[in-house]
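Listed next: structures, encoded as structure tokens.
There are two complexes below, and they share chain A, which is joined by chain B in the first and by chain C in the second.
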Partner chain A sequence: MKQFMHDLLLVAKKDLRIEIRSRVIINQVVPFAILVLVLFGFALDADQKTLRTFSPGLFWIAVLLSLLLAIQRSVSLETVNDSLTGLKLAGLSPVAIFFGKSIAIFTQIVFLELLLTGGIIIFYGSVIEDPALWVVAGLVTALAVSVTGTLYGALASGLEVRETLLPILLLPVLAPVLIGATKAYSGALGETVSNGWQWTGLLSLFALIAATLGSLAYGVLVEE
Partner chain B sequence: MNVIELRGAMVFLGRFPALAGVNLTVESGEIVALQGANGAGKTTLLKLCAGLLPLGSGSGKVLGHDLFTEQQSIRRSVAMLGHTSGLYEDLTARENVIFWAQASGLDKATAHERAENAIRRMGVEERLLSLPVSRLSAGQKRRTSLASLTVRRPELWLLDEPHSGLDQDGREAIDSFIKEVVGVGGTVIIASHELDRVSSLSPRVITVAGGIALENEDQ
Partner chain C sequence: MFKQNQGVTSSPKSRLLGFATLLGLITLFVFAFFLTDPDVRLHPTTGEEIGQFDAVRLLYLHVPMAIIGPYLAPLVGAVASVGYLIKRTPWWDVTAHAAIEVGAIFCGLVLVQGSIWGRPVWNTWWEWGDVRIMTTLILFLMLLSYLALRRVVADEHKQARRSAIVALVAAVNLPIINRSVEWWESRTLHQKSTLSELKIEDLTFFTLMMGIVVFLMLFTWLVLHRFRLGWLEKESLKQEALTAIEERRAEAATNEEETS
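Coming up: the complex of A and B.
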């Protein structure tokens, strides 16, 4: 267990250090996510009341689109110079690699959620009425999309058409997460009377199943 | 002691037999050169010996571990330098070497100590250690890669085209490193197109062609 945690934290810290160093998240992913929020505002040509109503869905679509960039980046770290072979030869547990990479993506998504929360408050005039629900649903959803994204990133990593195939494979799988997270955030913003905590419970179940399946399948996928 | 023992080893990439029945024995402390055309099976043979590809049929042992059942044990005792550097471009040379030391299970203090020793041994220039790997020359990257592998203290070295893309100094550094590894009891297998170069390092040259390994009798 000690060795597992050592390997997991080593991979997570390495990925995060590279992201901080390269500034891809700050210089590319964050501006992209903010741009998506702003463009939704233009596309809907709506007043703030309409935007507030749709803001939970727009928020999570912006997160999911940005997630694709974060996953592509996470996969490319190991494939550009075939560092994944080195990880295999070093004897790192595939499960530790899976969770290490998931934690790195999770951290980036949480950071992005914080910024986008500021974005919908500023651009759409949203007001968070249940901050606890907002935080818990945000963390659980970030976990669900991170572990699912890491798994699908590994699935697509050996393919030459990875960049175009990954969204096609991943987004349909994350559709239930999008629905659940939107319902939970609608509740947290007081836009609907939906029971946000029940949706958060369902999201937790999705995250648990995805983490379990991911930890079982990741080793097989990276060996192929 | 035999470091590698392969008998009728076959490896399939899909349905294609990339290795079609290789018989090979390598003893401890040997330098063995593999030569052959592109696609002949040299890299596949190295990957099989590293435990990175499954043995399709036949039998094989590497460092006493069975290739069918003990791939993980083989991997931990083998270093493989492939066509790519295996380094993270946005980390510095020093950070890379320390990372790979820690990845092999060493604690932080030991990893730092071994990394500094490996960096010195491989002659990575001090002024370059704090630069991202993306800004290093091909030669310095190769030295950093070797330093990253050295920290694990492997018993078997599998080098795939180690001289490619290097200038004369870099090539000589690789040759010195190989001699040093063998001097301390290590075993090295080199896949290369540069027969003259590897012949000077090793009296034993094996030609790989069509997925079969043939000992060069005239060496």
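Coming up: the complex of A and C.
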């Protein structure tokens, strides 16, 4: 168990260190996420009240689109120089690699969520009315999308059409998460009277199933 | 058993099944569109005629397709995918592909035909708030993504392994679709199961049962042919590779003779 945790943190730290040094998240993914929020504003041509009403959904769409970039980035880290083989040869278990990479993506998504929350407060005039629900739903959703994204990133890796295939594979699976997270944030941002905690419970169940399936399937995928 | 070297996807038994399915479909259409009554009831207080009228006839096709597209086909695909991950033989992989491809067609038809039925009965083509429609749509998109993955050029085993995982993830949706009308009772226009409680009777029930049997035969026939086509594709690729190797060997032998 100690070795497993060590390996897991090693992979997570490696990915995060590369991200911090390369600054791809800061220079590309963050501006992209904010751009999406701004584009929604242009497209809807709406006043702040309308944007605020739809802000939970728009927020999570921006997160999911940014997630795609983060996953592509995470996959390319392992495919360049075939470093995944290196990790396997170093004796790291596939489950530890899976959770390590998931934690790295989770950290990036949480960082993005914080920034985008600032974005919807500034651009759409949203107000956090239930901070506890906002934090818990945000973390649980980040976990759900990270583990699912890591699994599907591995599924699409090494294929010629990875960039176009990944959204087709991943977004239908994440559609229930989008619904649940939007409902939970509608409650947290006080836009509708929805049972946000119940939706957060469903999101937790999704995260649990995705993590279990992902950890089992990742070993099959990396054995190639 | 199907002979792989025939180069065709039919056999005497499958032709018989195909013929029986065709007869069944014709009979079903006669029962559904001519022999059964339209759904007309009288309002208990106003006495006004209410019901689905002739639109109910579409349900004789919708219910059987809805059993196969979003349930049976992905389930067969998932079981075959598990079979592949355990046995690692192409038979399981080709079976999963065949079932899911046919299932995707049925699933798409269920959504389209349900929409056509919904317009006169629910007064809408599409209902975003209905959990069963949403879960079925998500499953349909997952099946399409499975097919997209199958179309990507990749190593045979790599593709089979990855496809099996996508099929298994899609199968997680099946109990959710099934239970959705019970779990989110207030968020669906779909009714709870009436088949299990036998709330429908006489000719309506008979036609519905016949529809299920006929569509099961159609599904079996289609999967059988798609399986055989998939198998022939694999054999053909193998043959192409062997021919290419033979050609290279012959080329190398000729070069050796020339140099000596």
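Assume the second predicted complex is superposed on the first by the 224 of 224 C-alpha atoms of A that agree within 3 Å, B and C clash if a C-alpha of one lies under 4 Å from a C-alpha of the other, contacts with A are read in each partner's own complex, and residues count from 1 in each chain.
Assume a contact is a pair of C-beta atoms (placed from the backbone, for glycine too) under 8 Å apart; a residue touches a chain by one contact, two chains touch by 3 or more.
All of these numbers come straight from a predicted model, not from anything done at the bench.
*Asks:* Between chain B (first) and chain C (second), which does A:L155 come into contact with in this model arrangement: first, second, both, or neither?
*Replies:* second
*Asks:* Which partner does A:T85 contact after superposing on A: first (chain B), second (chain C), both, neither?
*Replies:* first
*Asks:* Answer with first, second, both or neither: which of chain B and chain C does A:L221 touch in the superposed model?
*Replies:* Second partner only, chain C.
*Asks:* Pick one for A:L213: touches chain B only (first), chain C only (second), both, or neither.
*Replies:* Only chain C is touched by A:L213; chain B is not.
*Asks:* Pick out the shared contact residues on chain A: the ones touching chain B in one complex and chain C in the other.
*Replies:* Touching chain B and chain C on chain A: no residues.
*Asks:* Touching chain B in the complex: which residues of chain A?
*Replies:* On the chain A side, the touching residues are 3, 6-7, 10, 14, 17-18, 21-22, 77, 80-83, 85-92.
*Asks:* Using the touch definition from the top, list the residues of chain B that touch chain A in their complex.
*Replies:* Going by the criterion above, the answer is residues 50, 52, 72, 75-76, 78-80, 82-91, 95, 99-100, 102-105, 132, 148, 152.
*Asks:* Can you name the residues of chain C that touch chain A in the complex?
*Replies:* So the residues of chain C in touch with chain A come to 85, 134, 138, 141-142, 144-145, 148-149, 152-155, 157-158, 161-162, 164-166, 168-169, 172.
*Asks:* Chain C touches which residues of chain A in the complex?
*Replies:* Chain A reaches chain C through residues 151, 155, 158-161, 165, 168-169, 171-173, 175-176, 179, 209, 213, 217, 220-221, 224.
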